[in-house]
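Here it is: the structure, laid out below.
Here the chain labels run A, B, C and D in written order, and each chain numbers its own residues starting at 1.
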Amino acid sequence: MTPRPAQPVDWPGEMRAAACFSFDVDAESAVLHQHPEAAQRMSVMSHQSYGPLVGVPRLLKMLDRHGVRATFFVPGWTARRHPDTVRAIADAGHEIAHHGYLHEPLTGADPSTEADYLDRGLDALESTAGVRPVGYRAPMWELTYNSPRLLADRGFLYDSSLMDADHPYELAVPGAQSLVEIPIQWALDDWEQYCYLPGISGSGLIESPRKALEIWTLEFEALRREGGCFVLTTHPFLTGRPSRAAALEELVERVSAAADTWVAPLIDIARHVRSLGLSPRTLTPPDPHM
Amino acid sequence: MTPRPAQPVDWPGEMRAAACFSFDVDAESAVLHQHPEAAQRMSVMSHQSYGPLVGVPRLLKMLDRHGVRATFFVPGWTARRHPDTVRAIADAGHEIAHHGYLHEPLTGADPSTEADYLDRGLDALESTAGVRPVGYRAPMWELTYNSPRLLADRGFLYDSSLMDADHPYELAVPGAQSLVEIPIQWALDDWEQYCYLPGISGSGLIESPRKALEIWTLEFEALRREGGCFVLTTHPFLTGRPSRAAALEELVERVSAAADTWVAPLIDIARHVRSLGLSPRTLTPPDPHM
Amino acid sequence: MTPRPAQPVDWPGEMRAAACFSFDVDAESAVLHQHPEAAQRMSVMSHQSYGPLVGVPRLLKMLDRHGVRATFFVPGWTARRHPDTVRAIADAGHEIAHHGYLHEPLTGADPSTEADYLDRGLDALESTAGVRPVGYRAPMWELTYNSPRLLADRGFLYDSSLMDADHPYELAVPGAQSLVEIPIQWALDDWEQYCYLPGISGSGLIESPRKALEIWTLEFEALRREGGCFVLTTHPFLTGRPSRAAALEELVERVSAAADTWVAPLIDIARHVRSLGLSPRTLTPPDPHM
Amino acid sequence: MTPRPAQPVDWPGEMRAAACFSFDVDAESAVLHQHPEAAQRMSVMSHQSYGPLVGVPRLLKMLDRHGVRATFFVPGWTARRHPDTVRAIADAGHEIAHHGYLHEPLTGADPSTEADYLDRGLDALESTAGVRPVGYRAPMWELTYNSPRLLADRGFLYDSSLMDADHPYELAVPGAQSLVEIPIQWALDDWEQYCYLPGISGSGLIESPRKALEIWTLEFEALRREGGCFVLTTHPFLTGRPSRAAALEELVERVSAAADTWVAPLIDIARHVRSLGLSPRTLTPPDPHM
């Protein structure tokens, strides 16, 4: 079956483009699933806990200064480890969405394992922050072809883990309600610019916040001209550092000042897309042997 | 046998240099040959299908705005997976050339395996887009010393996978008609600047379109002063992103504005070179033990 | 137990922020623990000995020009190999602190091994330079949860190896006096910008001193606005090179010119923090299986 | 034995600093010793042969435009493969120096193996270009503690592979005449900025010539202020590309315009240093177990 591209969508009122600032609050979980022994490495753990302890409060204040509501993807384990942080995000009026339990990459996971991650994540967000998320983002943006059905069965409205469009779309789910997909991309992520943990993650280089700001600003302006949906993903343990938060604030100012751009959390964007009654796209795995 | 350098060539009319914008439409194939299991990784596949679904249409419009005809190298598998994309390229008047079947690197391939890749690629381009290509580029720019004969036997006019000259030349093929070789180079490629797929490809860093534009512009201006042939290679799944396409458009404008530079698809450049009646160069594998 | 963030601290007098220039005088030791066979690699050893032989004298003169007192972390082995260098640092009025014996990363080390590294480092600093250090920094910033107790038992006042705050704090040590912790971060380090030793360390890229200066200046200015403590870590075998030392001197000038910023060695900062009578923070390893 | 630093040297006449542009003409040899099977990879070989075929002639013309005499380090194998290139270098009045036979890294090589590389390299330079070199640079700047004696026994005047000083010095050779050592450093090399050969070498990134020019210019200016010796190392297969050669030419212009800087081939610098009658430095391998 020949894949078909997503089509541009209409935005509310006079708006010509949309933008969301999203944050993946991985904290220690992003390290622990792959490296459980790192739980005993005090410096590594302190690097990760900077996110919920320092980064999130700083970013919440920054968002508040500009009246921007954002989306925070929180692994269930992180919610259990840092419940105050998660409640502070919710109390500030931001969206809390699902990001696995211990930030498990889904590569090669069977559906029952994947279902278990989803259910444990839901339980943790419910019990720690009283939140029932409607949005999902796969850890490492690593969705499987089983994920959409598992998400639909649990009543999720949207996912934000795919990369094949500049605009959101309805993603067909065989035998169930479709999901809104709000695409992301690697260049709109802070990990590649900032992350360095020897033996664990990173290229070994650390970039300047000015370079990150340049890439993200160029892509925002270009996506805006296309009428697309700009979704930036940053991590409080990285972008929560003072000079990086300041660079992000410059971008928040610029995007907020764009009168034709609707800045909203992903849940609002997903609800808008759902209201458009789009025809769902079907995505199937390709056959490498055809 | 001592290798001899290629010599500068004359360009048509008043022209003093040449330039071609070439695109490798790898799509999913660039991942699947090395990682067939990635066919089940929905996000990875969506990253690659952005090329034919979104990148190619955007780039076709951009080229049309500037009246530039380009060369698109399409693996046979990609043509079968995305036939509409390939037909749209052909319908817009661009050249479609051969880029293997499933983007197979030829390192260590024996001649019959290599022949099979070529024949399967030819069949796919013929049956999906009615195209019989005269140009070839080895996946990963990894030509073998067997490739020229296999290409000559199938009537190819040119190859574009070698790196030992600033100008095109005739490449001697023992026992057959020579091939026009139109050289490329790693610095005139977008992969090193933009590609990141964890566990699959990339250094881990992602560069700004401004940096890519700087490198390519500097090399264009310098090659132009040398009277050489500037061949840029970009990938729609990378450079098709809005801000990168905008950077490429800046370069297309600059190159098109250079009155002494002939902007043409590789097929036109190859035909011109063939018309010059150059004496073929012989390239033989060196002996590491001499 | 839910981790709690460190709180901002008051600085002496009119000061609103603090800054320390720290130097890790690894010399050959940073290579030899992981690669003892590199002792026979003359060029590799010469790369490392540039630090104590050329870098340290240059940096001492530079600090003297600006009247800045700094902190030098010296592995015990380095002190034995380069005793004149260590004495020159002490004679110039700078602080000498502990940095392991042969720059041993503590990942997976048991407490008795770790104690041995500490004791051998203390012996070496005592016998070569007559110094009893009160500050510690774990090689590779790799502290274990056992380290604080081992340091407290040996009368250390402070550690500088954790990353979970912008401000210093008292770190609780079960059964012993707390330690002052003065946090660091990967972006305020020169290794990621400059280090390249094929097969031993580095991403393979080498950055410009201007880029390093940009990152460090941006973070200094942002931390200053937060009232935090800026701790830069550089290595004389890297930053001791002329153009890098010149870039660092620009930063030293800028930081020294900030009238609201207290520039001091870490020992002075730690003593100030101790005088504040802060309530210690407890940090415990997380449970990946919760 | 405590290592002692090299001391600043006096330069001829009014000169306050020195500079040499050196070129490592590795060609195919830099790949073949580690990857002999790459002899069958036509594109890889073409990438390397760009150096002797195109890069060297371009660089010779550029040097001639500025009246600069340089030093070319040529592996013996390269001289046999590309004798015309080597003769053209010699005919243009530049120095040809020794760079191994097949660019063999000396890590772990025993003295007789290392002697064999030296003797085969001498034979090849003699028989192809009639040259008896007096200078040596270890491939990969990987000198062993045996190398100095082997060089001294063959009458070499100087080596340029160590990194522990900003100035040249006399290197003691037990039981033989000392060698002049003219130090180099990783930041004054083009490999880290430009080299990319998938699966063979490089970080995966390719930098802009402007960035390379910035790093080298900053270090030249800083070394000049120190009265040191600036030795840049570039590779014709990399820096011979048009825009990179243009960037190097900017640097050659700037260095040549520095009236207080003596621009000379390494042989002239070595002879000058020898004339100073310096006391040799002794370098011994450190003991990792002390």
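Heads up, the rule we're going with is that contacts are C-beta pairs under 8 Å (C-beta built on N, C-alpha and C of every residue); 3 or more make two chains touch, one makes a residue touch a chain.
Protein identities per chain, from UniProt: A, B, C, D = Polysaccharide deacetylase.
Keep in mind the model is a prediction, meaning the values are calculated, not measured.
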Angle (degrees, nearest 5) of the CA superposition of subunit B onto subunit C: 180
Interface residue identity across copies subunit A, subunit B - same or different by half: different
Cα-centroid distance, subunit B relative to subunit C, in whole angstrom: 49
Between subunit D and subunit B, distance of the C-alpha-averaged centres to the nearest whole Å: 35
Shared interface positions of subunit D, touching two or more other chains: 203-205, 207
In the complex, subunit C residues that touch subunit A: 2-6, 107-108, 138, 140-145, 147, 161-166, 183, 185-187, 192-193, 202-205, 207, 211, 214-215, 218-219, 221-223, 225-226, 228, 283, 285-290
Residues of subunit C touching subunit D in the complex: 28, 32-33, 36-37, 39-47, 49-50, 52-54, 57, 77, 80-84, 102, 194, 196-198, 203-210, 241-243, 245-247
